[in-house]
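Look for chain A in each of the two complexes below; its partner is chain B in the first and chain C in the second.
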Partner chain A sequence: MVLAAGELQAPYFTLSLILAGVYISLALAWDFSSGLTGYVNFGLPFFFGLGAFATGYLDYHGVHAVPELLAADFAVGLGGGLLFALPTLRLRGPYFTFLSLLLPLIGTDVVLAYWVPLGLPTVGYYNLPFLAPTGLGSLLIVTGLNGLWLTLLLWLRETHFGLVLRGIRDDEEALEAQGLRSFPYKVVAFALSNGIVGVAGGVYAMTTTFAGIDAFGFLFLLFPILIAILGGPGEIVGCIGAGFAVILLSQYLDLVMGPFTLILFSGLALVLVLFLPGGFRGLWRWVAS
Partner chain B sequence: MALGFTLVFGVSRVLNLAYGALYMVTAYTVYDLVVERGWSVYPSAAVGLGVCVLIGVSVYLLCSRWAPDPMRFLISTLLIALFLQYLLSYYFQGEVGLTIPGLIAGPSVLVLGVSVSPIFLLAGAASVLLLALVGAWVEWHPYGRLLRATSEDPEVVSLFGIDPRRVSLVVVGVSSLLVGAAAVLIVPAEVVTPTMWIEPFVIAFVVTIVGGLGKFRWTLPASFLVAFTEVVVLFWTPYAISDVVAFLVAIAFILVRPQGMGGSGAGS
Partner chain C sequence: MGGLMTDDLLRVENVDKSFGGHRVLESISWRLQGSAVALVGPNGAGKTTLLNIVAGHLRPDRGRVWFRGMDVTGGPPWRSVRSGLVKTFQQVRPFPNLTVEEHVRLFSRVRGTIDTDHVLQITGLEPFRDRRAAGLPFGILKRIELAKALAVRPTLLLLDEPIAGLSSGEARDLLTTLHNLKKGGTRMLIVEHRLLETLAFVDEVVALDAGHLIFHGPPDRFFEDPTVRDAYLGGVDARN
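Right, the complex of A and B next:
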């Protein structure tokens, strides 16, 4: 969890805030698609890694401008999300969820399998450009991106599109009985959310200056889910506060407890899912009632 | 393992991601008892099976009671799998290349001109025996018929005064036993690692998709289809991309024949 940056651009606390911003992006994306529709997406690490490797690949081939890299990351995440969602969201049930769980494994396998034939020296891209010349600049960019995603997703949630997504979670069959096809809405929601995840991958790569197979790790699934649940599934805005709380706490505990932190956080996430499914908002409502 | 997964998924219709973690837990239990504590193999295997069934049933009871809706059930079982992975990784930290001894030892045997290790011989024979036993139970035993009825329509079963959750509980116990048996039989041919639970679980689910939901008879043909496809593809590509092959097989069946080889209405 501690950022393994090639060169530390900013003090540790600023880096932790940037990392929190990355996880908040992931949580926002996951909460929008999975939280609203009820279709659980475990493929976040794959699209995150895809964004990171897209950044590395383009930088390796001479594209160094940050806006272009981020735009490419969004396009790669969106396109990959579309490609995945089109065949897998045709069926209801856990098929989509299970196949999404396969994606991070596929990402790791493909990178490890084809790295050598590509003639590249290591499994990953090094010396990537920084997101901004200073740590504060990077933090501002991450904050700006999260502000953009939050505004967009909250607006979408309140439109007809968001209403349909919530209807899919509540009763998809009843929705379709009214003549509304849920499939296009699900596909668009997942493609958009994976575009956001792709950008988060690019931001992470340009913060650590490295894109490697660790970007496909399950940490980039565990923490966003924990943040989204803590903030309240489907609430979206709850991800902001929950994100800072979880990541800053995890960064501190990682220094103090080392690898035991992962056990603690996976256990905490489990307790939340089982006993506090509404997150802090649910707890507040329960206390208020 | 695929048979156990077909059983539990066919009856409960919920994806239990902690199922794969039971494979890992059994392997580590056997390793701990045999290598760390000096037990002999057979008692260690028995304890490993017991631990596997205990954890499998406990996970099911916990998640079905506190996370009854499918989304929370899915997430909670994944979190349990990750929790177990991190816990075992922490407990055995620094130890790499862990192996457990097989139930039988001896030199490789020539079968149709191919040298086969006794571990694989035993695993193959035991798998066929378990498939036959479970198949006979499901087909002819009254409780097996109840299991099939529950997988087809749990609401009708409940109208007869039978609690489908009790049937699910028995199935979870049996399927946990099967995954524990898979671990005891085949892990001696592998290395014990905290992430070893994912790939067998993936294959098991793909076999379930290929065979069809609740179509227990089609587990064996589906397993062969998936395994041979994987072997053929990996023979022609020099890289370890078995997850990609499994994914593509699953996608192909979802697109072309979503009800699986067994012809049931899998999904909608």
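Right, the complex of A and C next:
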């Protein structure tokens, strides 16, 4: 699917699991900010690309330690998310979604138009450090990070902060009418979420050893949202099972169906939104009731 | 906010409001005195508009609203709430995916912290605490509306038709709850159509008709007032 550039360090199946982990990180982050609040963020690939390019930039400037690179990716994603959220999250409904949709296009255009003229490496950074010396090591790091995100986000979901985010999704106007200003909560959730996305971008760059324009790609939007919906919007934990199911299936189908896989998954997204908006959790609740 | 200091809890001064050229309120001035006050009037009298202006949901065309000496005219609502003016909605607005307990917890930090269990207990919602609001009966949703407001620790509770749509038994139960709150020191302003049930419980009545204030006094004088009987009730004794 997306494992294209760079030197492959591990067997295909291990790489598929790492890739599933990267998408699960994205889905967890998206589900926390968009699934909980109902503010649909289509800017995911922008912050993903930002993390990947931050890794490349820092590596080219002498920072090679993985923990430092990942911490920087988090800071870049968080800061970028904050800068975008502060003006745009004052908007409601489709306006925010529309602006977020423009972000990946801006990222792509900036790279295409200004990267080479600025004297930077041709359309991206090559030969980036591996996440770990072995494929299994990389998989363990990705799994550990996802464990950390899952624990953090599930804990936050149950705090008063998470409760406010869920209240925003249900009726933001009623929330504000009763004295709670939604804006700061939305901004913090959005920034944190994009910090996680930035780290995922760095992990991806250090798995493919390349940070290029593909990091701003549409797949980094389609699959995370598909996974989050399938896992049950706002449920967070559902992203884990749904992530492995979607990505491993897509990897397999990619081998046997080639480019038709994307059409198939786009169709699946349509069916899900129409008939199963609550994902597996919604289906389970419906069956149980 | 900030400005003129007065001893009044709530004071409305020369408030005018029009919608699309239609004058809904005209020169309304009034000081809240009682601990439970009914704001009554027929449909279109302007009582919900006045309540929304007091709560900061609407800005008057003219005039000011003072709450605890602070100018709260025109809101925003969250700022009015933080000063202690808390309104319930006429149309219930629950958060469908939150449990009853979460409704209270959600607002429990707006003005200090409150005891969630206590609010659930006094509103009779304890048996429903773990139920999600989606699918709960209307009478329970009305109680949730009240619980949400109490979670903010209101200085003045603004109740927009709290017993509208309830059966007589449910209304009696809710009025008992309100009566207990009143005894506990909670002050409230109630907009309500069901006159007899409401007047039995309040100690001050403000009546509007076609945007004008036509009566302000104790409930026992309400039906005796010739202006109310002639203009507001068409001369018919409402108790009959």
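Basically, the second predicted complex is superposed on the first by the 286 of 289 C-alpha atoms of A that agree within 3 Å, B and C clash if a C-alpha of one lies under 4 Å from a C-alpha of the other, contacts with A are read in each partner's own complex, and residues count from 1 in each chain.
Quick note on the criterion: a contact is a pair of C-beta atoms (placed from the backbone, for glycine too) under 8 Å apart; a residue touches a chain by one contact, two chains touch by 3 or more.
Quick caveat: nothing in here was measured; it's all calculated off a predicted structure.
Peer 1: Would chain B and chain C fit next to each other on chain A once aligned, or clash?
Peer 2: These partners fit in the superposed model.
Peer 1: Kindly classify A:95 by the partners it touches after superposition: chain B alone (first), chain C alone (second), both, or neither?
Peer 2: first
Peer 1: Who touches more of chain A, chain B or chain C?
Peer 2: Between chain B and chain C, B touches the greater number of residues in chain A.
Peer 1: Per the contact definition in the header, classify A:170: touching chain B only (first), chain C only (second), both, or neither.
Peer 2: Second partner only, chain C.
Peer 1: A:237 in the overlay: touching chain B, chain C, both, or neither? Say first, second, both or neither.
Peer 2: Touch status of A:237: no partner.
Peer 1: Using the superposition on chain A described above, determine whether A:75 touches chain B (first), chain C (second), both, or neither.
Peer 2: After superposition on chain A, A:75 lies in contact with neither partner.
Peer 1: According to the stated criteria, A:277 is in contact with first (chain B), second (chain C), both, or neither; which is it?
Peer 2: It touches chain B, and chain C stays clear.
Peer 1: Classify the contacts of A:152 with the two partner chains as first (chain B alone), second (chain C alone), both, or neither.
Peer 2: After superposition on chain A, A:152 lies in contact with neither partner.
Peer 1: Figure out whether A:106 sits in contact with chain B (first) or chain C (second), or with both, or with neither.
Peer 2: Only chain B; A:106 stays clear of chain C.
Peer 1: Using the touch definition from the top, say if A:253 reaches chain B (first), chain C (second), both or neither.
Peer 2: The answer is neither, since A:253 touches no partner chain.
Peer 1: After the superposition, pull out the minimum Cα separation from chain B to chain C in whole angstrom, please.
Peer 2: 12
Peer 1: Would you mind listing the overlap between the chain B footprint and the chain C footprint on chain A?
Peer 2: none
Peer 1: Name, in rising order, each residue of chain B that touches chain A in their complex.
Peer 2: 13-15, 17, 62-63, 66-67, 70-72, 74-76, 78-80, 82-83, 86-87, 89-90, 93, 198-199, 202, 205, 209, 239-244, 246-247, 250-251, 254-255, 258, 266-268
Peer 1: Can you list the residues on chain A that touch chain B in the complex?
Peer 2: Of all residues in chain A, those touching chain B are 34, 38, 40, 42, 87-88, 90-95, 97-99, 101-103, 105-106, 109-110, 112-114, 218, 222, 225, 229, 259-260, 262-263, 266-267, 269-270, 273-275, 277.
Peer 1: Sort out for me which residues of chain C touch chain A in the complex.
Peer 2: 55, 57, 76-78, 81-82, 86-87, 89, 93, 95-98, 102, 105-111, 148-149, 152
Peer 1: Flag every residue of chain A that touches chain C in the complex, lowest number first.
Peer 2: Of all residues in chain A, those touching chain C are 160, 163-164, 166-167, 169-171, 173-181, 234.
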